[in-house]
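This report concerns only the one structure given below.
Chain IDs A, B, C and D follow the sequence of writing; residue 1 opens each chain.
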Amino acid sequence: MIVDHPDTAAWVAERFGWQTADPELGPQVPADQLVALATALRDELDFAYVVYCVAVHYPAEDEIQPKFKEGEEPPPVIPAKPDRCLVTYRVRRLGPGTTTFGFHLWVPTGETCPSLVDVWAGMDWQEREQYDLVGVVFDGHPDLRRIMMSEDWPGHPLRRDYAIDTRHHPWR
Amino acid sequence: MAVTPSPTPEPATQRVGGLELPVELLRPAWGDPYLDLDDYDAESDVMALNLGPQHPSTHGVLRVKLFMDGEVCVRAVPYLGYLHRGVEKLCEKLSYANVTPIVDKNDYVSPMMNELAINMTFEKLMGCEPPPRAQVIRTIVAELQRVASHLLWVGTFCLDIGGAIGGGASAFMHTFRERELILEIFEELTGCRFHYNHHTVGGQRHDIPAGWDTLVKQTLDHIERRTFEYEDMLTENPVFKARTIGVGVVDPKLAMACGVSGPVLRASGGDHDLRRDAPYAAYDRVDVDVQVRTEGDIYARYLLRLAELRESIRIVRCLIDDIPEGPICALKAVKLPGAVKPKPGFAYTAIESPRGELGTFVVAGPGKRGKGGPNPYRCKIRPPSYHVLSLLPYIAPGENLSDIIAILGSLDPIMGEADR
Amino acid sequence: MSISPFLWSVIVGFVMLNVVMLGTAFLMLFERKFAGRMQNRPGPTEVGPNGLFQPIADLVKLLQKEDIVPDKADRGLFNLMPPLTVTFTLVMLAVVPFSENILVADLNVGVLFLLAIGSIQIVPVWVAGWASNNKYALLGAMRGMAQGISYEIPLVLCAAVPVIYAGTFNLTEIVEAQQGWGWFLWWPPGPGFFAFGLFMLCALAEANRIPFDIPEAEAELVAGVSTEYTGMKFGLFYLAEYLHTFISAAVASVLFLGGWEGPGPDGWWWMMAKTLGLFVAIYWARWTLMRYRSDQLLRYCWVYFLPLSLLLVAAAGTWTALVGLPS
Amino acid sequence: MGDQILNAMWTTMKNVFRPKTTEILPWKQTRKRRERYRSTFALVHNDLGEEACIGCKMCEKICPSDIITVVAGGRKESPVTGKKRGYADDFILDLNACIVCELCVQVCPEDAILHLTVPQGPGYTREDLVLTMDKLYDNEKRDAASWGTGTGLVAMQDPKRGLEPPKPKPEAKGDKS
């Protein structure tokens, strides 16, 4: 059943109750609801076309106490953040008046992200690429192999802690 | 608007890209594409054939592991990465202004498109709008580049089906002869024939020289005349038709799910073109007549690309006569690596490259003192060729080896942008 | 001065071998120039005046290339096959008459000999593909085998048309039966014309020429049977292919275009002119057309060419039965 | 079917009689490059006849391929004007990795580095393509400077260009006439 809803963010807020902070990123999705949202977007809102899946690595940050002058009320402490990845997706409704819709989730290092291969076939290689380059493990992907680097490549090159001049063996 | 989610979606038809299409299983017909040769019965007559990375017609360094039953493919597993140059990592280390000449090398058949795509994203992050003159010049060079790219495709595709020693080579040389004229135009405009570094954040780096529009018009007239020669040589040629009609049919539903756009999608019936549907640059000034065919085979892709070539010529002719006066860049010329510092944020823009949706997703990271950093935090280039190649495991099984080469050629993958 | 027929054969054979081999080299140069002009290029220009000595440079280059034999290849067969292809092709030359006197052997079953040797050509190509121990070479060899065997049949049947008209297998007598302007191409009207066209098509397929160059389809099969061959061995395959094309053109002009007979004084010049004309036409088509797929090729052969050639033989036979052999 | 094949063959035959479009060989070429064509580099002298490069290292910083090495020589008195100005002691440009992006030309404040419209001659070793300061100043004598200069490019990209009454285009300082 196709719903021709002009504002996807409003539709998502209505349906799932997630608010959109940054229109470029879209709503933040809990990991267990990701497949449900994706299926709903594909089947009900006609988002049949995969644009991308991008993982962005953020290294761990310590707790930060912002500076303040003596005698002032100390501003709230910015809490420490673990080593994590932002996984953002974007899908597109094709045809005249095309729109895209993005959504994202945060995946702490060590946890897995649900795979969307069963929803959009094009997520297959996108997720493989993000696994290869950023190191996000997609749970449920049938073929999570490296795609850009060789199979025995150490590390994931697009992580922030991977120095650009890392020495490596010449590729076979 | 209240929406009642249907518990069981009806698997009859689905409206995708303005089409009513039957929902079908998006799995390859020959089983799971991820199996390796070890999973095959040793008694069976399946032969593993390594197509590439060194092979005359894999368009660079694509490697496809084909499992063949005689000459018929039963499974195709593409392996990428032989041209991986770490462009995205490099973009994280370079300043915004320096990224442009680097991404030029991604899609080395249409470098203008790469520059345009990434600079549009930077402009969105910066919140600046290029002046109208720059917008029109951008559109003109993009369309000229599309002409050049499609010309090159016609030539290389003929090489794929016609052989390097034979009629294919003749068609190849003829299209290169015409493409050369476009490169001359770019040489006149930017000083380079291939990797131009013509776009910059906020506009263009080179204004059009005197007499350039006359040169463009003359060249386009010439190319349009010559395209009729390709029609004579290819379109009605029975050998060409025998090799292309009905071969490599791509289902539009599958194409969309795989993220395939551009000529491959439009030849399959998907009515989608970013130039018309989400106009960028100066495409809102012209009516883009989107070519759509429904056959979905190689011949349809060929005809569609020829039609698009003519359409691009028409768009350039519409724009070339009234280029608005004014500056060509909204920002001051780059004098320092850190001249461009957008605020932290996320941006995605997409353009219609000759191969489909070429998008760039950029995360602008924080810099010192709450301002933006001088280089992108993460830069993701979304290349159309990458998605087009992911079609291969689905459409290659059941085809002859010769047809697989023809299909691969017709998909027009550029390994430079697929591997990045 | 009389000369013994055997000695004459030896002399003609020696001269013909050298002339044809050298001529083929320069035909290659001609083809490259011609193809260059078709593509608005000058072609080879550097070696000698306007690139005239390019074939010699090519030969020198091929001779000094490293000779690589793959580890797992069948060494003996692998090395034997390139010379064998050239030998078989050159043997065909023995019965092709270039004029009344310029021929090596005046066999009275000349046509049969030609066709027999022509079909044996498939074997070295196939064995070469097999012995290379390379999948691409193997695929090319298999394709070549299927194609060669299939196209042999219409080829033989088309060659039977002039044989029926002339009432002899002897090539010299076939030419003499076409005296004056009585070429089998147009007289008797009908079958000869189509048989000529079909013969040329099948000869193209036999010689692996575009649009039928399936065994070495370089876009798909890298270089087909000659993938693993380097240097002069590759050059020999190349030479054999050119020779085969040249001889096919020569045979077609003997069978259908009246050989050395022509307006004005008869002689080898007419034969050469006709052969070269056909040769140019073959290359013209080669540099214009694409390549068929192997299954399409076989389908055309068995579905269209074979029935058509049978029909032509029947028509020629009927004509001969009604009108009679030429006196 | 036959007529279409003949049509195709006629097309190729037409091309036989067209003029050739390829150049013979690079060292025999007669082709005129466009005014903006950019190939190799030259360091130039300014109007006063002294080295225009002031060793400011702008080009070294902007270069995406990181191929320019400038050794700044510090401020010295100019023998011509007598004023103090910077000099470059050494200037090395590795053409092997150059991507001809024109950014070094654009950022140069003194128009000291220019592109040439003629290519650098080929060499037998990689070192032949490493342009030292001497080679760069030798290239100046080839008299084939490309159109692009730092001031010219900046003036062209001026965001106010054409909006106010056009000023006379500043003459390129380092451009030899």
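Simple rule for what comes next: contacts are C-beta pairs under 8 Å (C-beta built on N, C-alpha and C of every residue); 3 or more make two chains touch, one makes a residue touch a chain.
Note that this is a predicted model, so its numbers are computed, not measured.
For the interfaces B-D and B-C, the C-beta contact count is higher for B-D. Note: centroid distance subunit B to subunit D, computed from Cα atoms, is 30 Å.
Subunit A and subunit D, compared by their mean Cα positions, are separated by 43 Å.
Distance from the subunit A centre to the subunit B centre is 24 Å, each centre being the mean of its Cα atoms.
In subunit B, the residues touching two or more other chains are 167, 170, 174, 177, 233, 237, 239.
Residue numbers of subunit A whose C-beta contacts span two or more other chains: none are found.
Residue positions 38-41, 287-289 of subunit C each touch two or more of the other chains. Chain pairs that touch one another: A-B, B-C, B-D, C-D.
Listing the residues of subunit D that touch subunit B in their complex gives 1, 4-5, 7-8, 10-12, 14-15, 21, 33-38, 58, 61-62, 64, 99-103, 106-107, 109, 115, 146-148, 153-154, 156-163. Every residue of subunit C that touches subunit B in the complex is listed here, in rising order: 35, 38-41, 135-136, 139, 142-143, 210-211, 213, 217-222, 286-296.
Residues of subunit B touching subunit A in their complex: 1-3, 5-6, 9-10, 14-18, 26, 32-34, 80-81, 84, 86, 88-90, 92-93, 253-254, 256-261, 265, 270-272, 274, 276-278, 345-348, 350, 357, 359, 361, 363, 377-378, 380, 382, 386-387, 389-390, 394, 419-420. Of all residues in subunit A, those touching subunit B in their complex are 1-3, 5, 11, 14-15, 22, 24-25, 40, 43-44, 46, 48-52, 54, 56-57, 88, 90, 92, 94-98, 100, 102, 120-122, 124-126, 129, 133, 142-143, 146-150, 157-158, 162, 164.
Residues of subunit C that touch subunit D in their complex: 34, 36-42, 45-46, 284-285, 287-289.
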